[in-house]
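By letter and in written order, the chains are A, B, C, D, E and F; residue numbering begins at 1 in each of them.
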Amino acid sequence: MDHPILETPPALAVFPHTDGSRVPYKVFSSQEIYEREQERIFRGPTWSFLGLEVEIARPGDFKSTFVGDTPVVMTRNEDGSLAAWVNRCAHRGAIVCRLQRGNAMSHSCVYHQWNYGTAGNLQGVPFRRGQKDMTGMPKDFDPRHHSLRQLRVESYGGLVFATFSDTVEALADYIGPQMRPYVDRIFHKPIEYLGCTRQFSDSNWKLYLENVKDPYHASLLHLFHTTFNILRVGMKARCIADERHGLHNIVMSIKQPEPGSSSDGAYKAQNIRSYDEGFRLEDPSVLEMVQEFDELATNHIQPIFPQLVIQQIHNTLVARQLLPKGPGHFELVFHFFGYLDDTPELRAMRLKQANLVGPAGYISMEDTEATELVQRGTARDAEASSVIEMSRAAPEQQDTLITESLVRRFWVGYQQLMGFDGAAPQGVRA
Amino acid sequence: MDHPILETPPALAVFPHTDGSRVPYKVFSSQEIYEREQERIFRGPTWSFLGLEVEIARPGDFKSTFVGDTPVVMTRNEDGSLAAWVNRCAHRGAIVCRLQRGNAMSHSCVYHQWNYGTAGNLQGVPFRRGQKDMTGMPKDFDPRHHSLRQLRVESYGGLVFATFSDTVEALADYIGPQMRPYVDRIFHKPIEYLGCTRQFSDSNWKLYLENVKDPYHASLLHLFHTTFNILRVGMKARCIADERHGLHNIVMSIKQPEPGSSSDGAYKAQNIRSYDEGFRLEDPSVLEMVQEFDELATNHIQPIFPQLVIQQIHNTLVARQLLPKGPGHFELVFHFFGYLDDTPELRAMRLKQANLVGPAGYISMEDTEATELVQRGTARDAEASSVIEMSRAAPEQQDTLITESLVRRFWVGYQQLMGFDGAAPQGVRA
Amino acid sequence: MDHPILETPPALAVFPHTDGSRVPYKVFSSQEIYEREQERIFRGPTWSFLGLEVEIARPGDFKSTFVGDTPVVMTRNEDGSLAAWVNRCAHRGAIVCRLQRGNAMSHSCVYHQWNYGTAGNLQGVPFRRGQKDMTGMPKDFDPRHHSLRQLRVESYGGLVFATFSDTVEALADYIGPQMRPYVDRIFHKPIEYLGCTRQFSDSNWKLYLENVKDPYHASLLHLFHTTFNILRVGMKARCIADERHGLHNIVMSIKQPEPGSSSDGAYKAQNIRSYDEGFRLEDPSVLEMVQEFDELATNHIQPIFPQLVIQQIHNTLVARQLLPKGPGHFELVFHFFGYLDDTPELRAMRLKQANLVGPAGYISMEDTEATELVQRGTARDAEASSVIEMSRAAPEQQDTLITESLVRRFWVGYQQLMGFDGAAPQGVRA
Amino acid sequence: MSPGTMERMVQRFEITELFDRYAAALDNDRLEEWPALFVEDCHYEIIPKENEDAGLPAPVMLCDNAAMLRDRVLSLRHANIYEKPTYRHFTSGLQWVAVDADTLDVTSNYLVVNTSQAGVSAVYQAGMAKDRLVRTPEGWRFKRRRIVYDTSRVQTLLAVPI
Amino acid sequence: MSPGTMERMVQRFEITELFDRYAAALDNDRLEEWPALFVEDCHYEIIPKENEDAGLPAPVMLCDNAAMLRDRVLSLRHANIYEKPTYRHFTSGLQWVAVDADTLDVTSNYLVVNTSQAGVSAVYQAGMAKDRLVRTPEGWRFKRRRIVYDTSRVQTLLAVPI
Amino acid sequence: MSPGTMERMVQRFEITELFDRYAAALDNDRLEEWPALFVEDCHYEIIPKENEDAGLPAPVMLCDNAAMLRDRVLSLRHANIYEKPTYRHFTSGLQWVAVDADTLDVTSNYLVVNTSQAGVSAVYQAGMAKDRLVRTPEGWRFKRRRIVYDTSRVQTLLAVPI
């Protein structure tokens, strides 16, 4: 990704400050900027999350998904390796794989039955050599030059990623030394896929990234805990942006484990308290928590730019996939999972805690509401900018939830990738 | 509003004649022209109608509406004064006021609870000074510089208007000496708000203005009166465009009051006549009329550019708000009202006569049908023009309904505001 | 149609090869290209199919339809001649004819009752001469200069076409000597109109033309015959592109008539065969075929560019009208017909065979599915190209169904019309 | 079966018969049959939920006797210009109480799907109906029908009654 | 309760049972159950209102016996390529007359909402059904079902019967 | 009338009464009445068809007793922030079997049309309900209600239960 400055019309987007504390609202509504994002971000030097390895466990398993808004299929080859290809026939461009999920050792385009292997290699063209006196394909037609567009694929901890870039570093390096330990924290043993739910929002995909990078909003927008007087004992915060570019980060809320807290739910009692003037849950079981990690974190929210957000909230585990659908829309796919060795009780608890997250989540439904409020509020004011100041004076501070540092860091990294500043863009390379 | 000619690409829109008698259809479908209208008209030197004072009678009352397509909230301050602000949070741009109507002495944005006074002034930022060892907002953060965008607000006769312009004249002067007497005619005593109805049309907002400035269509498009042989005795017409710019105007149909006409409905009988070949209403009460103004006008239609049309038809009183929703759509909000001192009978009659106007109105439903027919008919012919000739030879004539003078005058004023001609734009200033 | 090269921005669309074997996907999604198609193709030197003469048999009969996406009405004048005009009022641009079909000796625009003859000539303007002291239209207003935009209309074999072009050759010459015999084959005697069905597809109109010009897909996409083991005896193919420009063509599948084949359905038995492993139709009557042409062709598919596809499949006869609706959509109108002298049995068979074609057709429903798969597959890859190679080495070969020659020829003709190549565009003139 | 059950079954059946006749008349362009489903001294009204919730009276249609219903049909047939809609009414959530032996107060949800001349079908309006039915020699008829619509943004126009 | 009332209540109940079975079969991908709701010697047709109103016969689907219904299902299962729809049928405006003790002529409104593979639900088609039901040992069955659809612009294709 | 007919007529009537009460409560902002239509020891779930078909358990809402239903209402009233929807529920394709005298297993299609604050009505969700009803002194109540929705792409959010 080496874009000479000239190539960038200065007018496309101007960030008034260099620290990411002012974001022109145009980036949320401009079709032109959206097109560039597809090129420089989703087809640029980044790795996009496609899904979980367990979704395609057996050879031939496949799943249709997207990199940005390009339809892509991820597959498991016969030898167990992973593959991904653009879902566009090499012949006349039809979607080849028409199912969301399935198992097939080859993929035929329905239009003229061109046939591809699980890796996207063209292996059959009907009537290629004609028939009787019919000529078929010309002599110089070489199937090897007409495979599906194949992407680089790698997985880390069971998370599958793909990239259009030949130059971006290996996935593990892309995730990087700062973020890997937190990915490892969740993906430290074999997982079980529990299904997915989808949410469609009429707002720009970056508003969702801003949202997950913004712990400042948590206690202010999501009133579930405070309304029901759920005591938050000795919370410790951790907010770390990837120092290389600020595009990935981790946000955690940690509490010291306390005597009696255990998987038998005894933790419940002291976790709930009601005040005379307050409301209380009749059945607080939805908020139980079984400690299953060394560090007792109620929340672990970790965006790996651009398409993944790893989430642990109490005992729910989700890999969220973020898919842009034009400047004004995005789709979220929540991949729920547990661990293979979960007890039935723990598995049941993970499912019950699905009430907390996703489109109907007690502590998440407000997020898409908020991103849509911003989309509608800013549509007519493309030239105005947001004001992102919280804890700007203490950029180094990582132990607070009352901060917008991660948001500012994100925007600086975004500008570099998009070539929105005079600095020679390093993209996400260290 | 001083736009050097250079700034205006000559190609954007060309009006073949200087007298407004030829309008390029492009102005009804071009996104580029629409964007300029938002800037030069709705954010330019004009006053946009927001609603009625009685809609927000008590301190804290508010209503969400629009200036052009910018979301705006009008409020009543504690001291009884009026305010209006752009409904976009100064922090990260969310819609602050999420309700259409209500009462609140302050407005909190749900996203991070920034809190604003009824006048849009920022009065609270959570964690502004941090907490314990959290830093909060930087020292140089001054709330006074982060209020909501506040608009100039004025009311005339109980009609509330707002403007983005610092230079446009006072509202009363904007309405002007020619139009004020007609506004006063309707708003001469305290009114009672009766509710609103809304209509959404798939056509350009200016097609609706053309329609209300076009008495020529009245008897030709609306066949209710003629079909039911409703006698129109000695009608006198009055069509006056604001001489300064032609953007506002008044259209009235006046009849001399006749003996026997009174609120007891005795007027009915002679008002209806049936012919053997014709149709007749079984219950003509919908067309009764009680004289309540010196001048007995069956119709009083008065557009105050760009967002208001004052209407009196028989005894229905409506303030119509015209809201553009992109080049191909507009919304109409009909604000029905009566007078505080209405008798129950008169109030009932006003409500019954709602059958005449609005989305289901006997003599109005055809208007949106017509504007949509024009939108569809002209979409592919952006470069073609309409032919607006009726009574072009008698521009001074004001006592006829068979004229398109008001339409021509409108387009001349529109061109000036938009900088669509060589003349130095005077906008709507005298 | 003479477009200097300069006028054509080289970037608008680049065809990598000159033989039509590589088509940039951009042509299926670009709004700019779509706009140019409306100008250079649908308003250019082409004849667009409007409907069948029998649809407007009596004087005053009319039908609303389109040329490209311009609303057009075709009418039958009092003297029996045909007319067509743009459905846009000369006054202020409203759709004049608001019905899909009907009979009227004149057409009044509802907005101000301007009245037009069946040929689109302005014949009445209300209050043209004013009334009493009202002035009416200016003296210099000449109705003859304010008729509806009238198109050239011609019919061939009962098929009605119209054009905006003054220079394009006569219709019969436009269809041309190669194609006329095949049109004559179907339209050789008086027809009976049986009604129409409509289909709306979320894909580009040219994808449908590609589809009907592509016999290669027939046996591969449409699995009805093969699934039910319907024997295809001694099929002979005929694929001929109009040598002048390749925009029109004929595709036929011919079999030698066999003893016993007749209208009594005895043909059925041998036409169906079942295999142990296969599926069979319980009631194969849908595939019966009565020989009614010298040449026993099961399929006759003949596109007359740009809006017509003549179809005979078994005994179903259809004139398909192809209407673009923006870059990403088209509408198909299937005009079903038979012959005036059909026996009740034959008429019943034609209707039963409607099961084969149209939106629910056993051997056609896949076509719109395929075009939409291409639209979705190519949307993000505007700069990529299709690979159209089948039988490229034998362009002269006309007796095979395994070919994409017609598709390549089409694209070459399209480039010329659109001015997408350096060659001086000859359009479709010989 | 509890004693009251059969009575309510019959009431539900008879209410449903009336509603179905109502839908069949409006949805199949038999507008002339519509006023006959009301008693002469009736009240018919279409009002946005927005006003109803705020206690404001402004309606889009208001008839205080059956003559006005017939006038509306006459005007739609002979005077007004509009693109003829093709409605399809759907009802649910039927709730009612018997005020007396000959009077029922009924509420229900409704959905009206409309198809344009171009052949596109879409949700046109949703809302609830607040009705009073009275028993007549011809069966149950509407004494009062108040259509309270959710879809406050009326698309283009509302010509044919809901 | 008037004597005729119970008879019509039972008829409405039985018609509704049939319609609900019909909807449940088509809407839950049990196409194979669909032909069994017709008698062998039946007529099934889907035709646009546009043609019906003009007295023109061109249909989009036409079966003149139950074998053709089974063939349609077989072809949908094994031959045709289409994006599998998920329909939901809704019915209203039920009107009927008893031709004789064993024959009912029924008309009704219908709405079909479809959900695409992408998970978006939308109005797919609205219209009316003109049916003839006959009594059989298995209960009421369709002797004739004519689907007259308003939505003349069929979106993409119509694979699964209405 | 066959002996079983009246029994099924009554069952259909009673099921419909329950469904209509359910719709009337949710569609008219009377959420507090909703939990009372379930027995205390109940199961309520909303899950995408996509997961149900794949045998995967992930839901969007899951309550295993009536207290959780009341908690959901309490949270919607006092804790959660969302644009208040106006639902209208429609049901069809009712099928049921009597497990025993006091237990019915019921399936049905549903459609939920929603109207936004801006006054635009649109299809919000379609799908099917898989229910178990049990007889109680207050009448039939939901022992289990599993909402299996087709509309896998949930628009914006799902706050109010289906």
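Just so we're on the same page, contacts are C-beta pairs under 8 Å (C-beta built on N, C-alpha and C of every residue); 3 or more make two chains touch, one makes a residue touch a chain.
Quick caveat: nothing in here was measured; it's all calculated off a predicted structure.
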Looking at the contacts, which chains touch chain B and chain D alike?
C, F
Using the stated contact rule, I'd like to know whether A-F or C-D comes out ahead in C-beta pair count.
A-F
With chain centres defined as C-alpha means, what is the inter-centre distance between chain D and chain F in Å?
26
When centres are defined as mean Cα positions, the distance from chain A to chain C in whole Å is 46
At least two other chains touched by the same residue of chain B: list those residues.
98, 100, 110, 198, 221, 366, 369
Residues in chain F with touches to at least two other chains are numbered 9, 48, 50, 81, 83, 90, 111, 119, 123, 152-153
According to the definition already given, which pairs of chains are in contact?
A-B, A-C, A-E, A-F, B-C, B-D, B-F, C-D, C-E, D-E, D-F, E-F
Where on chain C does chain B make contact in their complex?
38, 68-71, 86-96, 98, 110-113, 126-127, 130-131, 133-139, 141, 146
Which positions of chain D touch chain E when the two form their complex?
6, 9-10, 13-14, 16-17, 20-21, 23-24, 27-28, 86, 88-91, 111, 113, 115, 118-123
Enumerate the contact residues on chain E facing chain D in the complex.
1, 5, 8-9, 12, 48-50, 90, 92-95, 107, 109-111, 123-128, 150-153
Which residues of chain A touch chain B once you look at their complex with the stated criterion?
25, 210, 216-217, 220-221, 366, 369-370, 373-374, 376-381, 384, 386-394, 397, 399-400, 402-403
In the complex, chain D residues that touch chain C
81, 83, 117, 119
